[in-house]
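Multiple structures follow.
Two complexes follow with chain A in common, the first pairing it with chain B and the second with chain C.
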Partner chain A sequence: MDAAQVNSEVNLISKTFRFFSFSDYSVQVVVLGVIFMGVGCGLMGGFVVTRKLSLFGDTLSHAVLPGVAVGFLWSQSKNSISIIVGAMIAGFLGVFLISLLKKTTRIGLDSALGLVLSGFYAVGICLLTRIQKMEFGNQSGIDRYLFGQITGISASDVWAMGISCILIALITMIFYKELLVTGFDHGFAHSIGLPVDFLQYLLWMLLAFAVITSLQVIGVILVSALLIIPAATASIITQKMRNLLVWSALLGMVAGVIGSYISFLGSRLPTGPIIVLTSTLIFILTLFFHSQNGLLFKWLRLRGKERKIALENTLKAVYQELEGNKFSEDSVRLGNLAKRRRVSMPEMYQEAIHLVKKELAFLIPVKNQNLPSENTLTLSPAGWSEACRIVRNHRLWELYLTNEVQYAADHVHEDAEKIEHVLGDETVRKIERILSNPRRDPHGKLIPSRQDIEQGFIEKMVAKNLS
Partner chain B sequence: MNEFFPPLDLVDTFWMPWATSKDFIWNAQIVTMGIMVSLSCGLIGSFIVARKLALMGDAISHGILPGLAIAFIATQSKALFPMFIGACGAGLLCSFCIEWLAKKTPLKMDAALGLTFTSFFALGVLLITQMGNHAHIDAECLLYGEIGFTPLAESITWGSIEIGSRPLLSIGTVTIIIISIITIFYKQLLVTSFDQTLSVSLGLPVRTIHYGLMLLLAITIVASFESVGVILVIAMLIFPSTTASFFFTRMPAILFCSIPLSIIYSLGGFFLARWLDCSIAASMVVVAMLCFGIAWAFGPEDGVVTKLFLKRNQN
Partner chain C sequence: MNKSLLPLEVHDLTVSYNRKPVLYGIDLEIEEGGLIGIIGPNGAGKSTLIKTIMGIVPANGGWVKIFGGKGKKSYRRVGYVPQRESVDWDFPVSVLDVVLMGRYGHTGWLKRISKKDRNIAHECLEKVNMSLFADRQIGKLSGGQQQRVFLARALAQESDLYLMDEPFAGVDAVTESAIIELLRELKQKGKTLLVVHHDLSNAKEYFDQIILLNMRLIAYGDASKTFTKDLLQKTYGGRLTVFTEIADQSAKDDHINHEHKIG
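Moving on to the complex of A and B:
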């Protein structure tokens, strides 16, 4: 290791220590700030995403920009209440314009959102570029509202974020039930006499609070990411609104802390984008690797089921093959099985190996390995009982459909092909009772059971058929 | 507040830009750039709006950012072709991600859209900040563009003949491509935009046309982002056709309307910016907003005041 490397490692460790020991004043401000922001945006995001308002959130966050500029112009300084008031007014004006456009014109919602988003944003840019040319404009670097600049936040900003975060948490707790009902069933909420419009405006106001107080940290363009991504991640983890809100707040907080830590390590890592990308990474990990709803585990479960079904189908094919020979032999050739299962020879061989591994069958290889289709398969006792169970399920179901549901006999096979793999013992017993233990399926074939085989019933049948 | 609005010096604002031949050439390039950007965006935007894909346009305009950044890092130049490849790749990836998320996961379309484009945008901003200041492509320029720098860009020469500055040339090419494609495939574009079922039954390749339009959108955005920025592009896409829809209901009329509108936007924006000394691109959108406001109020088709007036006459 050369000196530079050692140096950078020491630097990394000391920076990590400085960040997590939480003793540095600037670190305290930053961490508290992102925690408040993550929780506030996460909670509001839960409502935004479940109400399908994600793009409203995006529009609102762009629309506050001219308000920020006017507020700054008014007070001629940053960190002031006038910026928040200005942003609030601009945000509400934007939302009001969208609903006005919806009401008075035929313009689609998507275009209306786009019009307000880009129009307000343009006014904001106009004002900001103008302010930069003025005397007091240079001192502030008001640009920070576009991308956010976490190192620039002050204690008073953190106070504002804290107050808005606590306000959001309190109001969501107090009005939880009402917000839940209005979010999912507007008509019902109206009919039980809830003040739907008031709740709607309350939500807009809280959303505006969350967006505006976060601007300093993350900027107008990316704040909507912080509304959407943690809540979207939470919606994969849970379906319950209460849990969703908790998860969303938690994930927003975690993304904020990790993101600000990473950006603290480097000199040229902008905090806003890093927080968003951390959040996206958490989303991707959850989407694929969540133990219940993750796509990977869903896929694995599906694959497991598919393999089980293939196995059962092979067993059934063996049974049918034996039945076709009137049970005169006790082994089947793989070539015949492959033909019946409509699979290629190598695939059939794989399935046979699978059966052998599960101790359901024995494979008797032929001497001439150039003829794999001549290999024969014999069922073990366990295999026999499993094969009988599947065939029995299939034929019982066919009989049930013809006798009890009045299906035509030639329409029942497809349905039974699917259901035979999922019928549980209890259901089978029930069907047996309803049909009073039948022996023959609608096509006149035997409905087998293990006992039949053990008691030599099939041999008797074979003998009877031969005679 | 008085300080904010400088006194309007008519001569300085309206005449001085054209007084000397040097100034004239300089400023005419800016105005031409503005006209061509809003014309090409307006034409393609009419179809985007009719298909209710305005927010998809928004998403793609944000989503191409990482592609542009990677192309720039790889080639160290702003040449149109690599930028175009990068942007198209990122744009298509972005729209693919959105569709995949909306179809294969429990997420709804709006959340899928918002999640994808903000993530892409964040990645793009991160990449651009890594390039440092030596790159002539900075974050602010991407956000609100610098149309005023058009005459400063290196000019492209063919043999010994100087043809024109690079951004002007690329947007010119794109405008010609768009106009010719719309002229050739007008019928197909029109039918697929308004009646999906009919176009399927007519045997039109609906998906190909959709992705073709997306590709065209990506080209337009690449050619214009440098001058108006990725977010104002969306304004240029939506404003012309929605404004025109207050005057006309037929597609050809709306398409032709983007010609006078783009001239108004460009000149108006130029003068407004000269007066207030602010961003030209943003001023263009402010002018577009004013035009939209006037059309919304007084447009013969669906204007608010017009409707009120008609109602009073009826009573």
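Moving on to the complex of A and C:
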């Protein structure tokens, strides 16, 4: 048992070394193959995804299967040239049928794609099953076209992948700006005299190259994943076409290398699905953890905003409590605050702690711990100025709505509850100018002024105004 | 002026979609230097007219000449502003990328965008007051801003004839007045502008000449002469129903349709 474990660990290390040292001929073939495949499919995927043609890529990959089978029957061996030619012919027949269906019938594009996809795929499966029952067929490894298997691909396969990849990279680079404009604005591209149809067929041909040369490694069913997933991941990262293509190619390559490495370790793992799983994992990680567009950081930002609003509302509630007592006291009981904020006592306590942590208030605990609502809160100078600022924003906005936008006085509170948290200093100054520095809100309450905020004290002013 | 060098000449243009006629026997001779509005009800074929002139929609009959020329080469002398809804605003291009597309017709195949093209694009963005947004992805703009970007792209084309499809649709009042200001400026420079427009209330004020269109050309001429109650009623009213029905029928009938194409 122990010996076996040690043995497998040694095996793992030696295999890892064999893979990444890149010295082994079979490893060289594999790694070069997946790099070409990842880059080629990644680049084409960038075009497919931004043009919203994902289902088209899927259809094309399924449609080539009968061509693969016929190409195999033709040469009676796994000769890559005849298989590629067969697959190309089947692919173009599929594309031709789709446009024929679209032109001559009322069937929508999605249905036409579905029809061709399933029809061609069914024919392909029938032919493959027949081939496997023939005498030369059962050892041919033709089933690798369904699910993909990296081990044992030949040098000529890698040549085909390399040529296809370089062709794709060259042509998309040469026609970059033409492909950009036809993808974004078909009508405009036509209006400046570009051969829109030619460019579209060119793109489809390159797509067919990428798909067909990848089939052995990734399989008919999953090749569209290699088109879609890296490009979709790239579209989270960037919103520039050039960067999107680079990222997509890079991510396709990385997924290919990692996936084929894992598949290389365990001899029974199919390469295609492992590469797709790696690619999917990268997508999920990007979706959640990307620093600008990732869901996690969006959520954190949102939560940060919510906490800030809660904090500002508590400060406002403290101000209102003090105002209710005509500023005769300088502290408020948590029980009263909770009532005003309409939250439970534990929640209120949490918010009070939050204020204390931010050095906006001091919490004076009562001796009797069974009466948490009797704890009192006193604002620090910084807390005072923050509270005055929020109340001022609220009341200024109410006044602005009633005086300038002609809202009824009983309609303005709800709106001000939201706006008070987002009013910037500049907007506040503007409103002050428009309203010529008002002192009372529509409900007759005092609007704490800028000086009050700057001094951090309100008592003197209150004494003067309320006397 | 030599008649063959008119900015735009349309002769007996007929277009149909799915065997439904959209335009029928349109004749137009547009002279140089004018701001011309194309006006008509929904489905009158206003956009189709522009798209057919640009060769985006194939014609069933008739011909179009742009500065005396036909086909792809002549399109390059036209600045085209498509409808805002006709493109995918999620596409990963920036505002500057889109304006640079206006230079593609000048740079030609295989050539890279030059420094000069970039400068022109920036100038055009400046003219529509969108310089600050040059690097922004186009989906993150308001409708009015998107329309300004389209206009900047058309300016970058430095054309002599402009065809614009509803440049005022869904834009704010500030953008609308900025656009009309810009169009008048172009006209002053001797450019010819054809603008599809849907708002009757300001059509007479905006345009020197007006094309009234409802499947047929109802009228074309100075705004003061064409923007009359009678002609507008003819354009928007139901007087053409008999004609529409017959045209519908004949278009559905393969034989007649065929004859027409040959004729």
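In this section, the second predicted complex is superposed on the first by the 427 of 467 C-alpha atoms of A that agree within 3 Å, B and C clash if a C-alpha of one lies under 4 Å from a C-alpha of the other, contacts with A are read in each partner's own complex, and residues count from 1 in each chain.
Operating definition for what follows: a residue touches a chain if its C-beta (ideal position, glycine included) is under 8 Å from a C-beta of that chain, and two chains touch if they have at least 3 such contacts.
This is a predicted model, so every value here is computed, not measured.
Visitor: Clash or fit: what happens to chain B and chain C when chain A is overlaid?
Guide: Chain B and chain C fit side by side in the superposed model.
Visitor: Between chain B and chain C, point out the one touching more chain A residues.
Guide: B
Visitor: According to the stated criteria, A:Leu115 is in contact with first (chain B), second (chain C), both, or neither; which is it?
Guide: The answer is first: A:Leu115 touches chain B but not chain C.
Visitor: Between chain B (first) and chain C (second), which, if any, makes contact with A:Gly193: first, second, both or neither?
Guide: After superposition on chain A, A:Gly193 lies in contact with chain C alone.
Visitor: Just checking: does A:Gly57 make contact with chain B only, chain C only, both, or neither of them? Give me first, second, both or neither.
Guide: After superposition on chain A, A:Gly57 lies in contact with chain B alone.
Visitor: To the nearest 10 degrees, what angle do the lines from the C-alpha centre of chain A to those of chain B and chain C enclose?
Guide: With chain A as the vertex, chain B and chain C sit 90 degrees apart.
Visitor: Would you sort A:Thr402 into first (chain B), second (chain C), both or neither based on which partner it touches?
Guide: A:Thr402 contacts neither chain B nor chain C.
Visitor: State whether A:Gly183 touches chain B only (first), chain C only (second), both chains, or neither.
Guide: A:Gly183: touches chain C, not chain B.
Visitor: Thinking of the overlay built on chain A, is A:Ser235 touched by chain B (first), by chain C (second), by both, or by neither?
Guide: both
Visitor: Given the touch rule stated above, what does A:Thr376 touch, chain B (first), chain C (second), both, or neither?
Guide: Touch partners of A:Thr376: none, neither chain B nor chain C.
Visitor: Nearest approach of chain B to chain C by C-alpha atoms in the superposition, in Å, rounded to an integer.
Guide: Superposed on chain A, the two chains' closest C-alpha atoms are separated by 5 Å.
Visitor: In the superposed view, which residues of chain A touch chain B and also chain C?
Guide: Of chain A, residues 52, 235 contact chain B in one complex and chain C in the other.
Visitor: In their complex, what parts of chain C are in touch with chain A?
Guide: It is residues 51, 54-56, 72-73, 75-76, 78, 80, 82, 86-88, 91-94, 97-98, 101, 104-105, 107, 109-110, 113, 137, 153, 157 of chain C that touch chain A.
Visitor: In their shared complex, at which residues does chain A touch chain C?
Guide: 50, 52, 174, 177-178, 180-181, 183-188, 190-194, 235, 238-241, 244
Visitor: Using the touch rule from the top, collect the residues of chain A that touch chain B in their complex.
Guide: 49, 52-55, 57-58, 62, 73, 101, 104-108, 110-111, 113-115, 117-119, 121-123, 125-127, 129-130, 133-135, 143, 146-147, 221-222, 224-225, 227-229, 231-232, 235-236, 268-270, 272-274, 276-277, 280, 283, 287, 293, 295
Visitor: Which residues of chain B touch chain A in the complex?
Guide: 1, 3-4, 49, 52-55, 57-58, 62, 104-108, 110-111, 113-115, 118-119, 121-123, 125-126, 129-130, 132, 139-140, 143-144, 231-232, 234-235, 237-239, 242, 245-246, 276-279, 281-286, 288-289, 292, 296, 302, 304, 307
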